[in-house]
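As structure tokens, here come the structures.
Both of the next two complexes hold chain A, though its partner changes from chain B to chain C.
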Partner chain A sequence: MAGKAQLPTSNSALIAMIADEDTVTGFLLAGVGNVDLRRKTNYLIVDSKTTVKAIEDAFKEFTTKEDVAIVMISQYVANMIRFLVDGYNKPIPAILEIPSKDHPYDPAHDSVLSRVKYLFSAESVASGRR
Partner chain B sequence: MSGQSQRLTVVPTVTMLGAMKARLVGATRGHALLKKKSDALTVQFRQILKKIVLAKESMGDVMKASSFALTEAKYVAGENIKHTVLENVQSATLKVRSRQENIAGVKLPKFDYFSEGETKNDLTGLARGGQQVQLCRAAYVKAIEVLVELASLQTSFLTLDEAIKTTNRRVNALENVVKPRLENTISYIKGELDELEREDFFRLKKIQGYKKRAIERQLAAAKEFAVEQFAEKVALQKGISVNAAHNLLNDAMQMDEDIVV
Partner chain C sequence: MEELKVNRSISENGREREDGEEEEECEKEVLQFLDSMDSYIMLIDSLSSTLRQGWLDLASARHSMGPSRINSGLFDLKLHAASSTLNVTELDDEVVDQPYFTLSKWPSLNDKKCDFEEIEADGGNFLKTSNSPQLRHRGSSDASAFFEGGKEEPPASDGSPVTVDNQVQKERSKSLSVFGTLVSPKLRNAQLSFEKALEMIVQLANERSTMLSAHAQICRRHQEFC
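And then the complex of A and B:
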């Protein structure tokens, strides 16, 4: 079951990022960046030259890595690989769609938020009927 | 959904009836407990829903503030700051720790962020704009705080969603499949037992009838024998034939009966 995925016992995990350069820079400044022994980073900078394939690969890698607890992904990047993001339903790592500087945040596209809104409206309809 | 197809295949005995009743009691209790669990989870779920919506809205503001702080830092410290930052990445100082919260037997993961060791970017912007850079850093740490909170809410949301679905499925299975089946089995066993009882009763009645008839026959035979003996005695005493004695006796009996009537 999807609910059974758990963090490793070491109990400290990373935050991975797939976002534009400015956002990544900001978060790196805050200190979430990590480079492992094989010189692999836990972030991917998406610019105009980044291919969708590269984003897909990064997304798959981050979501399957054991030491990643949260994957932050810019919403316009998430829109490029929407099928992957929507198909992902494991609780850990959590996928967070964040707004980026040049692209305003649209709650309608967020996979989780759309479900939340759907449930909210469904529940309010149900409670109205009662 | 007929009663016959929806029952367990059991031997209809009193022991089995007891066992089935015990199982029905267990199923009822389990159903009640699961229903309570489902309610508790739903309450939690709605709270989380509300929190998620709030957090998503605040996330927009926080991200806007931090982006602005970064722009300020860039303006003061120059475009090159991002190269310095990108080159300085070694190991994460801001990490996430997970703990578990237990809600009605469902383990919900909660994330906490914590910083570990010194930041490597202390010297960034030493030449100019150091203060702005530090402000920007603080803004992004604040953003991380909100995002980590949101992530744990989101994780709880997904986990709870799954748990509620499973629980409701179990509740419905107990209510619509297990309990009717047990009830059908119990009524089947009761019917069978009643049938057996009726059969037994009928058999007893039958046997009673047979016995009664046998006793009557014996009584009749004994009476006949007694009459025969008496007739012989009378015949011997009076010196008449046995047949005449019979007639005599019959007349006497008739008269007796007349007197009785």
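And then the complex of A and C:
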């Protein structure tokens, strides 16, 4: 296909995280943590003191880094920067909204599911018939 | 006159067959989309319960070791590479970009072990199942059975299962060492839970990719018809 862009494939891509302390701690135990030459980590711990600006910056940084393949973000954190998360539509890095300790996962807020849910709405069916 | 009628009926038959094939193709795409969406939601469910177990173990470990011994201030901020990384390949799809992720744990282990981990992480037959939509039962053992247990059974023909197991333990201890040499067994349990969760995350990313690809194909077909 001529118009199809080439995906950046990689052999050792990273998983970035924006989540609460316990979730980040757990995934660091699973070996996800990475610190690069500039002492930059591939995670951001969000607590009550973390500003929305800091979350936005981390999200932008992780989604533009070439060595990141998946960005895990707690859904309640994603809700704070919903406009950014919903506006993101690249295949890599893939954004995954995960549950967090104090906030249960709500499929209605998931950016991927809300992107595809209009296929089930009565309006889209009606417009298809017209 | 007769010949004209025959020609017309032949062309009508051909058109009907084409329409039938197109409809079948369309149904296949819709089925694949629904299937991947179902898997996605099912995996999120499994991920929630695995993470809950992990948080519980972590809280128990914090309770027994003390909050000062398990906190973010102890994280290793020295230069180091991640021991769990991803391999990203592109699936053959003529229409849309469809990345495929494979988890690669502990690259320092020998290649054979790494291959084993990769196969384990991508669900073994993901490619097979994702390309052939079939009925799935929510809450069945489909996802959970795969992630059952520690899953540390090394390849039998390898000849060195003990060595591989030791290496795995060594790699795990390396991650745990941030919180001290002697750690609570609950912390080890938490590590296993989060490893399991990580495998689910990778599978989730693959399902997401399949779902978006199927969605794009349906949209394209919809635009063609309108």
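In this section, the second predicted complex is superposed on the first by the 109 of 130 C-alpha atoms of A that agree within 3 Å, B and C clash if a C-alpha of one lies under 4 Å from a C-alpha of the other, contacts with A are read in each partner's own complex, and residues count from 1 in each chain.
Keep this in mind: a contact is a pair of C-beta atoms (placed from the backbone, for glycine too) under 8 Å apart; a residue touches a chain by one contact, two chains touch by 3 or more.
Keep in mind it's a predicted model, so treat the numbers as computed, not measured.
Aligning the two structures on chain A places chain B and chain C in a clash. Look at A:Pro99: by the touch rule set out above, it reaches both chain B and chain C.
In the superposition on chain A, contact of A:Gly33 is made with both chain B and chain C.
Of the two partner chains placed by superposition, chain B and chain C are both touched by A:Ala13.
Using the contact criterion defined above for the overlaid structures, shared-chain residue A:Asp57 touches neither chain B nor chain C, since it reaches no partner. In the superposition on chain A, A:Glu66 makes contact with neither chain B nor chain C. Judged by the document's definition of touching, chain A residues 1, 6-7, 11-15, 21-35, 41-42, 69-70, 72, 91-92, 94, 96, 98-99, 101, 105, 107, 112-113, 116, 119 lie at the interface with chain B and also at the interface with chain C. Every residue of chain A that touches chain B in the complex is listed here, in rising order: 1-3, 6-7, 11-15, 21-35, 41-42, 69-70, 72, 89-92, 94-96, 98-99, 101, 105, 107, 110, 112-113, 116-117, 119-120, 123.
Only residues 33, 37, 40-41, 44, 47-48, 51, 54-55, 58-59, 70-72, 75-90, 94-99, 101, 104-107, 171, 175-176, 178, 187, 190-191, 193-195, 197-198, 201-202, 204-205, 208-209, 211-212, 215, 218, 222, 225-226 of chain C touch chain A when the two sit together in their complex. For chain B in complex with chain A, the residues that touch the partner chain are 46, 49, 52-53, 56, 59-60, 63-64, 66-67, 69-70, 81-82, 85-86, 88-98, 109, 111, 113-116, 119-121, 124, 133, 136-137, 139-141, 143-144, 147-148, 150-152, 154-155, 157-159, 162-163.
Within the complex, the chain A residues that touch chain C are 1, 4-15, 21-37, 39, 41-42, 45, 69-70, 72, 91-92, 94, 96, 98-99, 101, 104-105, 107, 112-113, 115-116, 119, 128.
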